[in-house]
Structures are given as structure tokens and as C-alpha cells.
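Please go over the structures that come below.
Both of the next two complexes hold chain A, though its partner changes from chain B to chain C.
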Partner chain A sequence: MHAALTIARRELDAYFVSPIAYLVTAAFLVISGFFFSIFLISAQQQPNNDITQVMQGLFNNINVILLFIAPLLTMRLLADEQRSGTIEVLLTSPVRDWEVVLGKFLAALALFLVMLLLTLLYPLFIWRMGGNPDWGPIFGGYLGLTLLAAATLSIGTLASALTENQIVAAVIAFAILLVLWLIGAAGTVWTGAAEVFRALSILERSDNFARGVINLEDIVYYLSLIIGTLFITTRILETRRYS
Partner chain B sequence: MQSGRNILNQAGQVVGKRQVRFGTNAIIMTVAFIAILVLINILVARTTVRWDLTATGEFSLSPETIAILEDLEQPVEIIGFFNQAQQQAAQDELRSRLESYAARTDLISFEFVDPDVNPTLAQSYNVAEYGTVVVESQGRQQQTVTTDEQALTRAILRVTQETPPTVYFLTGHDERSPDNLNERTGYGTLGRILEEDGFVVETLNLVVSDTIPLESSVLVVADPQLELPEREQEIIAGYIDQGGSLLLLGNPFTPAMLPEVLEQVGLAWNDDLLADQQLFFQQPLIPIVNNYPFSPITSGLTDPALFPTVRTLTQTETLSGTTVTELLSSSPDIQIATSLEGDVQENLEDVPGPRSFGYSVEITAADDATASAAGARMVVIGDADFAGNEWLLATSANRDLARNAVGWLMTQTEEFTLPPRTDPVDRSLVLTGSQGNLVFLGSTVGLPLLVIVVGVVVWWQRR
Partner chain C sequence: MIEAQGLSKHYGTRIAVQNVSFQAEQGEVLGFLGPNGAGKTTTMRILTGYLPPSDGSASIAGHDVLRESRAARRNLGYLPENVPLYPEMTIAGYLDYMARLRQVPQRRDALQRAMELVHITERADDRIGKLSKGYRQRVGLAQALLHDPPVLILDEPTVGLDPRQIIEVRELIRKLGSERTVILSTHILPEVSQLCNRVIILSNGRIAAIDTPQSLTTRLQGMERVRLQVGKPVPGIAEQIGLVAGVQTVEEGANGVFEIQSTRDQDVRPLLADLVVKQGWGLLELRAMSMSMEEIFLELTTHDIAATAAPTTPAAEPIPPDVAPAEDENEVVTKDA
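Let's look at the complex of A and B:
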């Protein structure tokens, strides 16, 4: 575990030395800031000017942004190590394979959480202006986003283990996420398995949190997705060791 | 599994690569691990463990509903007829609500059916609309298209309570009969529709019976051709005084029904026939209404409603403690006839419009002057033909107006109403124009720019 944290810290350093982390963060904040301010301002014209719903609208849109930035944040993680050959050094060092995977994943998650943390300025602004939102659903929304981010980033990590090419890794991650995003719609074609498709869909789950209802089922789904994906990633690395 | 693994192992040895053997192990381990995760998810999905973070407990059942569920003695089955492709969100919301119902008692079960995939089932329940929920228990059923807690719990109560909700049609004075399916003026079609809505439809003869059951009841008086005897008028007035629910449907040039009951709420029949000249193609004696006020009775009405031969109503005074809502009114361009003698067209005279011919009445506070008990409700419409066999299904608005009126009247005589779930805290935030600009520029430009500046500084220092 200690080794995983060391790897995570080293990876995080790498993120923040390069301009990429700052650019991605800035772009993320432009988009989410745009949604937040537009929702807040347009709520002024509505009879039901509810700032809790403003935040809900924001969460539902950050969900979509995640679909696009998760592949960007994770594409380099393992693909680059494989391209440059440094993965050999890592894998032959006394560090266990799962610690490498976990460390890389935690670094990407930490970067996203920094980005998410900056969006806390929005509810802080509401509060400073004298607004009194229902904090429960806002807390739920942030919890849901954290879980969804962890799930999408773990899939990005998996994709990055599959190839040496960063672009290919990003494309694979995006494709998997898109399938998981839209799989609920498959239920409309194969109605018999609608329940199964619905259960697999990453999208169906995320709405509940922002509405302020936390189902144990949803938490277990995200945790399973994260653990399962990281497990597969570890097996892939292991297999690669002997190739 | 074991033998398959051996074969693969042998294959690996044959090829002489450890990679194949190791890859096989990895695959088996992965499959097993995922199977365990799937199993855990399936097990957890069967439970309903949830935390409601909303201040108003939006996702928790009210104590009233919980009490009703815990007192259930017979199984209740709930079927939601939803279009899978287009109503996913609505279905999910209902599913999550029904899950919390089912978590309280083993007697509730529910399923979802796509009426396009299973049209026969939808037909056997007479489901006409997507999003209809059928609640069924021991042969009694209720339909609702509203799926909030209030509507669901009410439907469960209606199919399980001892006295089923009953619509009484007054007889004995040549009224419209809910048993008459054949004649064009009959109310047989309306009777059928009310039965589909889960109501028991009965006729009531006040010569035979002295009282009108108060609990879960609506009394319909539809176009009596004879004046009601004094005694029966008193019984009906007494029913209203106790908080009853009354639907009055009157036609032109018939004895004015229950004038004293109407007077108590500030309404009066006019002795006239309305001709609406608004639309060129329209038969003036069949006024068309296509603007509806905001009311639970007219909500959801989109088609125009047709009213063959209408007598108008006048609100004579506004009484405190009595809410009178105008439901139906003519266009401004109208004429009326006050006599049926000779040619009606020649009797028509221009009068200033618009005039009203439909009201809903709710007595909100008991008033000593009228002696009426709080809670009584009335719907008064100056036409009885719109709900007859010939016209009821002519437009969906005619049908829905009649069934909504009965539904609205019925909810009052039932004991179950949930207190509204209102949030005591003001959740709004009013911004001035400059504050709006500040938040827009600050969040889309200021904050991202700050991040870039930090990045540049870090890069500069590390260089």
C-alpha cells in the first residue's frame, strides 16, 4: 500500500509539472462554470427559483464532462510506461503489480478530485450571497460524482494497460465508457434483458445521488466496477510480464 | 472446468510458452472474481437500503402511508404500463418509490409492462394511456396516471378498504341512468368508465332510502325531468352539510335542480339556452370550450370539449369560506333564448358575454350562516348531454372532464389525504444584474484563468 501511495505521489507530481494538468483543469472549470452560472441566472426567471436544482443540473452535466476527460486523464498512465519501456523497471522492482495499478489510478483520481474541489466554490458563492440550498442533495451529488469519477478513471487505467499508444488508450477508454453510458438504451431493443442492461448502465445510477437519495445498491455497483476493473488491469500487467 | 484447464495447460506446454499458461490462469481468476462481484451486486439489489438526504424527506414514505401499508391484510399487485423506450425516467422514479412501498410489507408486489410489447395485458386492464398504473387486490382495481405517493397510497386504500368508493346516481325523477348503454342520452358509458376507474356505480332512490352514505361517496344528480320533492332536497342538503360531494348536471328548460343548495354557495341556475356564435363552423347550440382554467378537474384536458344545449349559471354572491372556481365559460360573442316556444333561432337575443356554465365549489371553512360543514365539494355544470352515451367519447375532453370531476369529488369524502410536503426553507436566491455578471465572469473566466496563472508560475519556477 505504501508503494502504491509513493507511485501515486510521483505520478501526481508528473501531472502538475507538465502544463497538461493545469490546462485540463482550466478547461473543466470553464465548462462547469458556464453550466453553473447559466443555470443560476436562468433560475432567476423561473417561478420556482430553487438553487438546489441549480446544483443538480450542474452535477448532471459534470457527469457528461467526465465521459470526455477521464480518457484524457488516464491515457498516459500505463501506456507511456510501456512505450518507453520503464514498465519493465517497475514490474521487476519489489513493488507488486496491483500496487502499480492502484498508484496510477489514485493519482488520476486525486487530480480529478482537485478539479472537483475547486467547484465547491460554487455552493460557497451561493451561501455567501445569502442562499440557503438543501445541502443533503448537494452532498449526495458530490459523493455520486466522486464514485462515478473513480469508476470512469479505473476504466481509463484499464484501457491504458492495453496498449503502448496513448491515443489508442484514450479511444478505447472512451469507447468502453460510451457503451456503459448508453447500455441502458439497449433494453429498449432487447426488452427481455432490459433489467440487466439497466443494472449495467453507469448513467442510470448517477442521477439518484444528485436527487438526494443514496442507494446501497448504487454504491456497491460503483465499488464493484472500480475493484473489478483494477483487478483486470492488474492481471493484464501480470500477463505482460511474461511476454 | 478442470479438464478444460488441463487441456489448455497441455497446449501451453506443447507450445512451450509460459505466457499461455499464465494467461489462462489470469482469465480463470478474472472470471471467478467478476462472478463474485456480480453475485454481490445481485444480492444487494434485492435489498432496499437507502439514505434520504433531502430536507423534506422526498424519498421517504410519510407516516400515513406506512401505517396503511402495515395494516394491509390482503395482497396488492401493482402494474405500471410504461413505454420502455420513452418513459425510462418516469418508470425509474416510480420503481424507486414502489421499492420503498414493497420494503414495508410482503403483501405488495409490482411489475412493469410495456403496453406495446404486451398489448393483450394492457387491453385486459383497459389501459388507454402510457404511464398508467393499475393497482389490484382481490378483483378490485384502481387506475392512476399520477404516480406520487398520494395517488399510489390512495389507490391501495381504495382497493383494500371495506367500503369501496361508490358513485351514487339519484333515480326516481327520470334522471340519466348509469345502466342505460343503448340510448344516446343514457349514462351507461360514463358508468363503465367510472367502474374502470375503480368506483362502484350504484343508483340511489331516496324514496326507498333515507340517507346517502357519507364515507367514500359521490352523489350524481343528472338532469331530472321532475322537480325533486322537498324531502329529498333536504336529504341532499343534509348530505352536503355533513361534508358530502355532489355532481349536478342540468339541462335547459328543465326544473332547476336543488336551487337552495346552490344558493347557499352563491350560485343560481339561469332559465335559458346558450348559443355561442364565436366560431363560424360551429353549431351555436353546441358550445365548444377549449380554454380551461387551472383546476384539478380540467388539468390534462387538451382537446376541446363539446356541450350540446347549455343552460348558464350565475355566481350571485361571493361567500367567505367557500371557494367557487369557474370551470367552463362561453366566448364573448353569445346569444341566449329564454323560451322554447316556436323556432329557437328566432328567440335568440344578443347578450353581453361571456357567460359561465360550469363551476366547482369547495367549502373550506364551516360558516354559521350557511351551516355547511367544511370539506363539502360540488361540481355544477349546465349541461347533461356532454356526458351521455352519444357525446361522452366524442372528444377526450368530454370524457376526462366527467371522470376528473367525479375523481376530485371522491377524494374529499375519503379519509386519506397526505399533508403537502412543503419545504419550510426558502431555497431561492435572487441576484442583481451585476451579481449575475460577476458569477458568470468569475466562474467561466476568473477561476480558470487563476488555474492557468498558477500553472505558469509553477512551470517558471521548475524551469
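Let's look at the complex of A and C:
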């Protein structure tokens, strides 16, 4: 665990050396700010002035943004170490393979949580301006986003272990996420299996959180997806030694 | 300190390393010599635990590289080929990171010591990406030395350095090798005779020879080569020389020069001198030709060893360095098999 945190710290530093972390953070804030403004203005124009809708709408859009930025945050993690050969030094130091994977994943998650933390300005803004936001669903929404982010970033980490090319890693991650996103829609065609498809969908569940509904089942879904993906990533790292 | 037993590595049907066995003790510098693709890097990667062997076993400081991988890795410092580093980090930042990963006690002191050993202290805050090849190599070495490991594995430590840097690095390796076990790979032949107590010559993934550089030279010289030059070459000299006891082959060159090969351990020079003087050919020159490391290397690696040496050949067995040359004739001159 000690090694994982050391790796995570180095990785976080590396994020801020390249422009990618700044660019992604800036884009994320501009887009989420844009959505926040739109929902806020449209809520003001409605007769009932329902402020809770604002944050819920925002969460549902951040969900989608995540699918696009997660691959950008994770593509470098293991791919670049494999391309440059630094993985050889890392794996011949007395560090366990899972510590490498966990460290990389935690760095990406930490970066995203910083970005997410900045969006707390929006509900604080509503509150400061005299609105009375419903903190329950807001807290739920943030919890859901954190879990969704961890799941998408773990998938990105896995994709990054598969190749030494960052672009390829990003494309693989995006493809997997897109499938997990769209699989819910498959239920509308094969209505018989609609429940199964919805259960598999990565996005449907975070909607529950945004509505303030926290199901144990949803938490278990995300946690098992994260742990399972990181486990597979560790195995990929191990088997890549054999190739 | 280091023990390898029958190491093999296959990639599908391609054989990278085949039945490699050897030992290295403390205070020994062992050189891996061989052309590109001979299996030097693969063997080193197996020893570091980076690549699992397809067959065989290896141990570092008594720890099996597969079963007690982390214990083995704790006892070893590794400089991979081409020195992979993180370009965005500073030297000090990188070494600090590696020291943390290795949980080095008294990190600050260890860092200072490693940087001083390779003379990079004054550039501690420079970005690695801006460093010259020589400095990168030193950073890689410092990384391998951070935790003061008993075993050092250095893959081509002097490649890409200028002559002055090469001398520095060699001096460092010699110093390190006095109390540690060092394995280094190279294709620079003088390096081996200068640095190594023992040499393993690898060819096509197999051990072609394993011995001290000195006795490797003398063993191959067992097949004595003599250069003879006479002042008055007359036809038929070659035939007459061929009749001298112990002479195996005679090659006639221009200007009365003959290259003569004799059987092992037999000096034919007195007999040749007698003959030349008796016949009045006019002796100009008569000397034994010694083989350089280059010639030995070519001799051992250009022949198709894989075709002649069965996997059970004695060449693959570890040879104690003190074995008398006469006993291990087969090991070196595999082309005779």
C-alpha cells in the first residue's frame, strides 16, 4: 500500500507537468459551468422555481462528460511506462504488481476528485444567492459521480495496460465505456432482457444517486466493477511479461 | 550470490535462451558477451524477475526469482538497456521516488551517497529529459545503487558514452565489483578483459564458453598459431613444414610468409627453426600469434554452435574458474564436436 501511494504521488506530479491535466480540467469546468448556467436560467424561468432540478440536471451531464474525459486521464498511466521501458525498473523493484495498478488508478481518481471538488462552487453559489438547495440529493449525486468516476477510470487503467500507445489506450477505453453506456438502450429493443441490460449499464445507476436514492445494490455494482477491473488489469500486467 | 540452473526462454517456437546455467560469487564481476540477439538481455531480465523463464530456475542472494520474487528483487540493483527514465522528473526527484519504492532507510543519505558515487550531485535539480546520454547512464546507475544491493545487473552500462565517461564508469564498476556481485553485458571486447573475472560468451541463446578472460585466451591458443617468414622461399617449403612433428596445417602467404597451426600445447617453433636453418631458407621471423578477445569471440560465435552442441553438452554446465584448461577442451572448442 505504501508503494501504491508513492506511485500515485509521482503520477499526480506527472499529470501537472504535461498540459493534459490543465486542459482536461479547464474543459471540464467550462462545460459543467455551461450546463449549470443553462439549468439555472431555465429553472428561474419556470413558475415553480424548482432549484433541485438544477443540480440533478448538472449531475446527469457530468456523467456523460466523464465518459469522454476518463480515457484522456488514464491513457498515459501504464501505456507510457511500457513504451518508455520505465515499467522494467518499476517491476524489478520490490513492488507488487497490484500496487503499481492501484497507484496509477488512485492518481487518476485523485485528479478527477479535485476537478469534482471545484464544481462544489455551483451548489454553494445557489445557497449563497439565497436559494435553498436540497443537500440530500446533492450529496447523493456527488457520491454517485465519485463511484462512476472510479469505475470509468479503472476501465481506462485497464485499457492503458493493454498497449504501449496512449492513443490506442484512449480509444479502447472509450469503446468499452461506450458499450457499457449504451447497453442500457439495448433493453428498449430486447424488452425481455431489459432488466438485465439496465443492470449492466454503467450510467443508469448514477441517475439513482442524483435523485437522492442510495441503493446498496448500486454501490455494490460499482465497487465490484472497480475491484474486478483493477484485478484484471493486474493480471494483464503480469501476462504481458510472458509475451 | 547468483545462481542460474538450466534457464530457457521460448517465445512461441523462437528460442531466446536455451539451457543457461552459471554461478557468480560475491566480489565477482561476470561479463555476458555476445552479438545482438544472443540472449544477454533476456537472461538478465530473467534474473531480475522481470521475465519468467520458460524452464529452469535462478536465485539472487539465495532467493528464487520466481517464488521469492520480492526478496530477490530487494537484493538487486538493475540498470536496463537504454536506461529508461521519466523525462519530466528531476534527478533528485526520481532517485527519491525510487528510494521510497524500495523503502530505503535514511533516504536522504542514501540519495547523497548514490549521487556522489556517480558524480551527479551538482545536477541534482536538473530535469532528466534535458540530460546527455552520459548523465542519463549515471542516473540509471545511481538508481541501481540506491539501496546498496549485494547484486548488480547492468545491461550494457557503457553503451553510448564518450571515452572519458567509459573509463569513469568502468572504474566505478570495478570498485563496486570488489564487494558485490556484478553481472554486466557488453559487446565491447576489451571491456570484458579489463573488468570481468569471468566471461560467459552467449551465442544463439546458448552458452558458448564460460571462463576467465585469461584462460579463455590461453585455451584457444592451445591451438597454436605460428607465423614464419623466410628470406629465400623455394617451392615445396610448405610440404616440408607440414612434415614437422606437431604441425597440422600450413598456409602459404606472399613474400615467404607461412601461417602454421600446430596441435594443442605443443610448441613447434624449435623444430621449425632447426628445419629452416638446416635447409638454408633464411629465417626472417618466427613468432607465436596470440588471439585477441575479438578473434576468440568471432571464433566462438560465428560457428553454428546450435547445430553442433547438444543441449547436454558440457558447455552448458557451470565451470569452476580454477579447472585446468586441459580438462575442458570440449567446452571452448565446440566447433570441433
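Some observations on this one:
By definition in this document, the second predicted complex is superposed on the first by the 238 of 243 C-alpha atoms of A that agree within 3 Å, B and C clash if a C-alpha of one lies under 4 Å from a C-alpha of the other, contacts with A are read in each partner's own complex, and residues count from 1 in each chain.
Please note the rule applied: a contact is a pair of C-beta atoms (placed from the backbone, for glycine too) under 8 Å apart; a residue touches a chain by one contact, two chains touch by 3 or more.
Quick caveat: nothing in here was measured; it's all calculated off a predicted structure.
The larger set of touched chain A residues comes from B, when the choice is between chain B and chain C.
Of the two partner chains, chain C is the only one touched by A:A3; chain B is not. Contact with chain C, but none with chain B, is seen for A:T92 once the two complexes are overlaid on the shared chain. By the document's definition of touching, both partners, chain B and chain C, reach A:V17.
In the superposition on chain A, contact of A:G187 is made with chain B only, not with chain C.
When both complexes are overlaid on chain A, the residue A:E164 reaches neither chain B nor chain C.
Residues 17, 242-243 of chain A touch chain B in one complex and chain C in the other.
Those residues of chain B whose C-beta lies close enough to touch chain A in the complex are 18-19, 22-23, 26, 29-30, 33-34, 37-38, 40-41, 44-45, 47-56, 58-59, 84-85, 88, 92, 96, 114, 117, 423, 425-431, 435-436, 439-440, 442-445, 447-449, 451-452, 454-456, 458-459, 462. In the complex of the two chains, the chain A residues touching chain B come out as 16-17, 19, 21-23, 25-27, 29-30, 32-34, 36-38, 40-41, 43-44, 49-52, 118, 121-122, 125-126, 129-134, 136-137, 139-140, 184, 187-188, 191, 194, 199, 204, 208, 211-217, 220-221, 224, 227-228, 231-232, 235-236, 238-239, 242-243. Every residue of chain C that touches chain A in the complex is listed here, in rising order: 11, 45, 48-52, 70-71, 73-74, 76, 78, 80, 82, 84-86, 88-89, 93, 97-98, 100-103, 143. Chain A makes touch with chain C in their complex at residues 2-3, 6-7, 10, 13-14, 17-18, 84-96, 241-243.
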